[in-house]
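Presented sequentially are two complexes of subunit A, the first with subunit B as partner and the second with subunit C.
Let's look at the complex of A and B:
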């Protein structure tokens, strides 16, 4: 069964890289460019996984995650947080947010797939 | 103390550039002798990200427009022909700049120099120079990726 992944990042580059990482897997994607759009997309699409950047305009990832956890229908949605900041304090703060995992940029596709695979079952696309 | 901090940031930049280019592009960015990117007359693309707080500065990442398209092609998994216009290329250069300076910022925070990043910005042109104001220091790092070159310029304001 196809898994739905919501990517929330203000960088179109990152959203494309994420989607490409899952090209061999049976996944459907939706995307948002900031936390506000992300919340709307999450409510509409009910994704199986959210990959969420921290630093974004309009609404950042931490605010979006806080609001997500207040929504009864979305609060258990697994979230993998993305960040360009790998400092000890940043990681400690991220870890306290009730996320499934986090990924520091730069990252390899394999790293993302490994972390996503621990959170949701990924199946390969059927051979054409 | 200012010179030591500048040298610390330069060392961090050196490592960060190498790591980002290896991870995101599978390219080796080797520290190299200074190379004048403008000598060829090609259009250049520069991504810049600043850091503000206990340490203050801005980093410019300069490549030729042609190399920037190669990087975009590698990062996005598309052929250069598939990349239309400059928007996606600019986004890639901005994101790479953000990753490079983000790693530096993280290490500075870990060592006790708290700071935050500015948003990335992009400059395009064939003849521009990054120059410091009277109160800041300019340092430059050159890298070679195969036949292409990368210039990283750091402007830092002296610490209080």
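Let's look at the complex of A and C:
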């Protein structure tokens, strides 16, 4: 069954790279450019996985994650953080909010696939 | 309401999420310097135990020397006295950042950059692309990535896996350069935060300029590095005031 992934990142480039990483897999994507849009998209789309950046305009990823974990309907949605932020204190605080994994940019597509595959079952698209 | 669980130690996080370990000597040095009341002898001891830091310190303290044989300053203590404490923080952090530049371009764009001495590179003439990310908080400063427009297009094409002629508007190129600037600056900012110099990044700003001059506000120290790959020259500038508060 197709898995729905929400990517929340202010960079169009990163959102495109993420989609490209999953091109061989049966996944549907929705996108948001900041945390506020991300929360709205999460409530609307009920994704199986959220891939979330930290530094974004309007609402950052930490605020979005905090609000997500306070929402009864979304609090168990798996989140993989994908950020250039690698400060150990910051990561420790984020880990306490409840995340499935953390990937530091720069990243390889295979690394993202490997981490996502541990959180949701990924199946290859059927050959045309 | 139960008290929140204590934060897991850094080593546990690195294991859980598969991070590269941070150099112990760089971590101890940055934390020591960031305290501002650090004793020069303690700093000299840490630098002396790390061959790479010692080499960089002596190279910085002997800017006109063409080889180690020409060094007038040959001890860590004398080098520290020459360059000053502000420089030590940048000395410790610049190396990881330059490695981050190399890793970012290799991982995201399959471009193998070679670091060159800045003096051996030809300064840009005419229009070039400037990616800038500022940081502010206990430390303030900025990170610049600069390249010619053709190089920016090549980088964007490699990252997006497209032929250069298939790239859309200049904003597509700008978004790529902005993201790469953000990744490099994010690495530097994280090192500052690990040294307890908490700060926040601004969103990346991309401009095209013909007249670039790096501003050096009072109290800031500046490091410039040059990188080269086929059809691509790249300058990286870091300007930081570690004690802005």
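To be clear about the criterion, the second predicted complex is superposed on the first by the 128 of 128 C-alpha atoms of A that agree within 3 Å, B and C clash if a C-alpha of one lies under 4 Å from a C-alpha of the other, contacts with A are read in each partner's own complex, and residues count from 1 in each chain.
Assume contacts are C-beta pairs under 8 Å (C-beta built on N, C-alpha and C of every residue); 3 or more make two chains touch, one makes a residue touch a chain.
None of the values given here were measured: they were computed from a predicted structure.
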- Query: Overlaying on subunit A: subunit B and subunit C, fit or clash?
  - Reply: clash
- Could you look at A:102 and tell me whether it touches subunit B, subunit C, both or neither (first, second, both, neither)? second
- So, A:110: does it touch subunit B (first), subunit C (second), both, or neither? neither
- Based on the superposed arrangement, let me know which partner A:86 touches: subunit B (first), subunit C (second), both, or neither? both
- In the superposition, subunit B vs subunit C on subunit A residues touched: C
- Go through subunit A and flag every residue that touches subunit B in one model and subunit C in the other. 11-14, 16-17, 20, 55, 57, 83-90, 105-108
- Note on the structure: Within their complex, subunit C touches subunit A through residues 4-5, 7-8, 10, 13, 16-17, 19, 22, 103-104, 107-108, 159-161, 172, 175-176, 178-179, 182-187, 189-191, 193-194, 200-201, 203
- Note on the structure: Listed in rising order, subunit A residues that touch subunit C in their complex are 10-14, 16-17, 20, 55, 57, 83-93, 95-96, 101-108
- Query: Of all residues in subunit B, which touch subunit A in the complex?
  - Reply: 19-20, 23-24, 72, 75-77, 88, 91-92, 94-95, 98-99, 102-103, 105-107, 109-110, 117, 119
- Residue ranges of subunit A in contact with subunit B within the complex: 11-14, 16-17, 20, 55, 57, 83-90, 105-108
